[in-house]
Structure formats: structure tokens, C-alpha cells
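Just passing along the structure, written as C-alpha cells.
The first chain written gets the first letter, and so on, giving A, B and C; residue counts start at 1 in each chain.
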Amino acid sequence: MSEPIVRYNDVHKSFGDVQVLKGIDLDIQPAEKVAVIGPSGSGKTTIIRMLMTLEQPTSGSIIVDGKNLWHMEKDGDLVPANEKHLRQVRGDIGMVFQHFNLFPHMTILENCMTAPIHVQKKDKESAKKDSIEMLEKVGLGDKLDDYPAMLSGGQKQRVAMARALVMHPKIMLFDEVTSALDPELVGEVLEVIRDIANEGEMAMVLVTHEMEFARDIADRILFLDNGVIAEEGPPMDVLENSTNERLQSFLHRFRT
Amino acid sequence: MSNWSWSTFSDAFPVVLEGLGITLGLTIACYLFALIFGFIWTLIRRMPIKVIRLPLLWVMEFIRSTPPLVQLFFIFYAWPMVPVVGMALDPFVSAVIGLGIHYSTYIGEVYRSGIDAVDNGQWEAARALNYGTSKKWTKIILPQALPPTIPMLGNYLIIMFKEVPLASTIGVLGILAMANDYGAQHWRYLEPLTIVAILFLVLSYPSAILINKLERKMNKRFDKKEPTGSKAV
Amino acid sequence: MITINAIADIFPVLMKGVEITVTVLLASIVLGYLMAFIAGFCRLSNNILLRKFTGFYVEVFRGTSLIVQLFWLYYAFPILFGIEVGSNFWAGVLAISLNYGAYMSEIVRSSILAVAKGQSEASTALNMSRFQRMRLVIFPQAVRMMLPEFGNYLILMLKSTSLVSLIGMTDILYYGDILRSSNLSQAPTVYFLVLLFYFILALPLIWLTKKMESASKKGVASQ
């Protein structure tokens, strides 16, 4: 096995008095596809939000590509990371949100172009070319100058994916990306994720309720329960052969 | 800060304070006038006949967008000179009418927002119950439309309190006029004007906090959602 | 009585005041908006001292009357600190812009806070810096939310410029008062015309406010 691209070491997270994560140890390999399932409130989303630096762990460390995400060295000591350090590390990570979070004051194309131009300092022409390419890939090449408000939920989510992909991250995080969609729009979004997964080079972490989908594309499934990883393994082992009772009853609710 | 004199301060304080009764009284009087007159604008807004409604709404817009100070001067200096209807009014009454009418145009909009916020179904229900016009308004619409506007109306009480010193310019002897008089007599404006500022602050700041609390309570009671979560875009 | 002759006499006199009224208005608008943004951002700063100090400024100016602030700046301030504000022009402009700047800073602050949290998270996920998040994502949306209220304050500021006549600035109302004191019987015509002058100045502002309202309806993700 190669060096993991992400490593969680005994990560804890509390919100006030509520302990959400009670010691997460997790390695993610480059190009690995990991699906995270579990009941709501189990801390699934918090796991990836900490990786995206949207939430700070209460204790423990997260290593991204050999670099400590939340801590940095200063005069030989390990001190909490500052904004500059966070920016250096999180450049490898992209995220797609449940509620899309598109920028409503920008066109679809501008949504995709703005970060390559301002963050990666690409010149405008190549950023535009990349963005158009990516939007065509998600099937929205004809909507470049539309504003987000004019799109359906499924289209918005595909734009959000193009916006993240155009940054060429090594790790992509998907936070329940189909939960806010009307049922008939879920398919088109999953289709795009499947295409991305098949290209293979990115590590992907998907927090999801789509069990069938998770089985299809994931290399590994984590069942999160009560703040710990209660079960993990290849999809078949977790979804079909596990003896974990909590997992059984969780899956049972989805099957019916 | 060497020019500050505490002895002038304590000398001027009771003089300025003498005007407080007038300032507060004028505030209440203007406010009541505006509350009542505001209804007239609301009625005009609902008038079905366009040729009457539109010109009157322009009058409202005119009053709203011109300075209350000039309107005060108009009532006090010009009204007595207007043929037939004109008559001399004392400063206090002029201020009540001038500021009252000016702010009634704002209060009217507050009423309107309250009425607009009443759910469509309530109007239909009134029709379904075959209520007459007056019964519809007094039993169904107004009891729902007015309470949510109370915090906004409260805000206007504070706003009017702060506008009332304009009346010092036509000789209403509130705290600002008292301070100006003291200043002119003793050629010391610093302390009396500072006293006026302090009085306004001391009276309006706690009231503003109170209104804020009331607003939050009202929002809860009338089930207006506190902004939570993010709208999906 | 309003006669054509009277109007023809009064009109040119009032015209002389338009320039001052407009100058005071424009200067107050520029300084007032500037103050609003400065104070609004200061109240969101991480620096407690800056936040408290700005909060104090805002509460003092919102808690007292504009006319009191104007007199205080013009008559009291120079005595207290031994320095002149500069002139009655600056006393007037400062009073108006500090007063409305305080009110509008609350609009700036609340608009920035009202931009949905997901917007800032999405820009973090795109690895924008704090400054870029504000400049590219939060601020452009917050400004759209500020527009309608900002429009209303334009008219409030126009109306408040009439106060500068009280400290001897030769604006429209000042000339109106002179005409009235020279001939009380024409007071109705004079003041009606003064009001009309202000209304005509207000018309473009009313139009602008409507524009700002419709512009603000586009492109905002609010909480």
C-alpha cells in the first residue's frame, strides 16, 4: 500500500457539551473512493467538514499529503495553524455541498472561473477554457451565461461539481449532495459523480444516503455510529455480511 | 478639555431640565396625531377611484420627501397668511400638526405593511362568513394586522422624540430651546448642549433596547421565523 | 396670494440657495456612505477595542437628535477642544454624515451578516483567502441587500440638509426665511415654493431608490 493521502489520528470533535466524534482513525489512499454512511447526527458530515477546514477538531490531528492540516511548526513547536498554513494545505481538497452554495451574483461560468483566476492565479483565458470544458463535461455547456437562480436543483449541483473539479483537487468531498434534490433529479447528479469516479485519479469521500450508489462506486464503506467508525470494509462486506446490529437496523430502514 | 466647567454644568442642568416636560409632551402629542392621521393615508391607499387616489398619493409623497423643518415653518409662519382657511397657531400646536402630518405618512406605511401581511385566506374567510365591510375590518383584519406593527410603531415613537427638538426653531421651549437660551444668555453653549445630548441618549437608548426586546417577542408570537439556516441557491 | 408676479420674484432668490443645498447633500452622501462602511466593518472586526469604540459612536449618534448634534458640533465642539470644525459647511456635513453614517453602518453590518453561511464555506472550499471571500463573494451580495435601505437614506439626507440654514448656511431654506421676514404676507408662496424646490430635488432620488430596490432583487443568497 502506498502512503495515505489523508490520515485521521484519534480525531475528536465536540460542539459545546455534545461530543460528536469520539476518536476517528482513518486512512484514505490516493484515488480511493470512500462512502460514509450512518444515521443522522452520527457525525458523518463533521468528518469531511474538518478536512475542508470548515470545522476545527477538538483534539487529534489530520494529515493531508504528509502535511499536518490543523497544526504547523513554529520555532520547533507545534502551534495551531493560521490562515496562511490552512490555505497551503487545503488547496488539494475540493468540496460539493448539500445546498450547492453557488454564488448567486455570478453566472455559471463565473462561478467556475473565479477561483482558478483569483486563487490559482491562472490567466483569464485558460481559466475560461478549463471552466467551459468542465461545464460541458457535466452537461451544462449551453448554460454558461445563466445565473444559478435560473437552474434546476440537479443543474445547480452539477455546476457546483464543475466549480470544484476545475481546481483539480486530489481529494473531493461530497456532503449529501443529493439530499436536497427532488427525487427525479437525483439520477443526473449521481451519473456525473459516477463519471468522475471512473476517471479514477482523485480520492473521493462521499457522505451519502444512497446505499445502492455507494455499493456501486465505493472501494470502501464506513458505517459511522455514535461518533465512532462502527464498521468498515468493502461494500459487500459492510452492506451484506455485517453482523453489527446497529448497522443491520440502519440498513433495514433503507430497504423498506 | 480644559474648557469644560462643572459649575456651568450644574448651573445649566435645572434650566435645561425645565424643558423636558414640553419635549416629552410634544413627543406624545405629535405621535398620537401621527398615529391617527396615518390611518387616513392607509384609507387613501385603498381607495378604489384612481383619479382621487393618485393625486392624494402624490401629496403624501410630497410631504414625505420634503423637509419637516420647512413644513414646520409653513404651518407656523405661512398658514396664518393663507386666505379664508388660514389662522394663527401657537408654536406647540403648529409643531403637533407639522411633525404629526409629516410622520403620519410614515406611520401610514407601517399600517399598510401590517395589512398586506395578513394572509389571503383570512380575507377569503371573511367573505365566506359573509361579514360586512366594517365587521370584516374590526373583527378579522385589523386585530391581525396591527399587533405585529407594534414594534415598528414603537420605533417611530423614538424617532419622533428625536425629531421634536426641531420645534425649538419656532419657539417651543423644550430642552433644546432652553439650552440655546441659556447659551445665548451666558455665552456658554458647551455644557447646556451637552446636557441636551445626554438627556436624549439617556431616554432613547433604553427605549430602543426595550423595543428590540418587544420585537423579538412579537416575532415569536406571530410565528415570524427568525432567520435560520441557509437558503439553497 | 400666489400670483405669477410673486413667483417670478421669489423663484430666482431661492435658486441662489440650490447650489449650497446640493453641495451639502452630495458631500454628506459621500461622507455618510463612507462612514457607514468604515463603521460597519469595524463593528465586525476581531479587535474588541475597535468594535466597542465603533459601537459607542453608533449608539451616541443614533441615540441623539441630528439637530442637537449639529448645534453641538457647531457651538460646543470648538469650545471643548479649542479647535474649529472648519466652517459651518463642515459642521453641517459632518453632523449629517456622522448621524446617517451611524444608522447606515447598522445596515452594512447586518447585510454582511445576512449573507448565507454556505457562501463563505463554499469560498473556503475553493481555497479563497479571508480577504478574497469578503471581496469576491460576501461583499457583492451584501451590497445588493443594502441598496433599498441606502436609497431611503438618500431622501432622509436631502431633508436633513435644510437644518444647515440654522447655522447660517445660505441654502434654499435660508433664502426662503429671508424672503419671509422681509414680507410676511407672501410667506405661503415662499414656503410652498421652498417645499417644491426640495421635492424636485427629491424626485431623482426617489427614482434612484426604486432602481436600487429592483437591482437588489437579483443575485443574493440570504439567510
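By our rule, a residue touches a chain if its C-beta (ideal position, glycine included) is under 8 Å from a C-beta of that chain, and two chains touch if they have at least 3 such contacts.
The chain list, named the UniProt way, goes like this: A = Amino acid ABC transporter ATP-binding protein, PAAT family; B = Amino acid ABC transporter membrane protein 2, PAAT family.
Note that the structure is a prediction, hence the values are computed from the model and not measured.
Greatest Cα centroid separation from chain B: this falls to A.
Here B-C and A-C are compared, and the pair linked by more C-beta contacts is B-C. Computed centre separation for the pair chain A/chain B is 54 angstrom, with centres defined by C-alpha atoms. Rounded to a whole number, the gap between the C-alpha centres of chain B and chain C is 19 angstrom. The geometric centre of chain A is 46 Å away from that of chain C, both derived from CA atoms.
Counting only residues that touch two or more partner chains, chain A has 99, 101-104, 149. For chain B, the set of residues touching two or more other chains reads 230, 233.
Across the assembly, chain C contributes 116, 118-119, 221 as residues in contact with two or more other chains. Against chain A, the residues of chain C that register as touching in their complex are 116, 118-119, 121-130, 132, 136-137, 140-141, 144, 218-221.
On chain C, the positions that touch chain B within their shared complex are 1, 59-60, 62-69, 71-72, 75-76, 79-82, 114, 116-119, 155, 158-163, 166, 173, 176-177, 180, 184-188, 190-192, 194-195, 198-199, 202, 205-206, 221-223. Contact residues of chain A toward chain C in the complex are 52-54, 83, 87, 90-91, 93-95, 97, 99, 101-106, 114-115, 118-119, 147, 149, 160, 163-164, 167.
If you check the complex, the residues on chain B that touch chain C are 1-4, 61-62, 64-71, 73-74, 77-79, 81-83, 86, 162-166, 168-169, 176, 180, 183, 188-190, 193-194, 196-197, 200-201, 204-205, 208, 227-231, 233.
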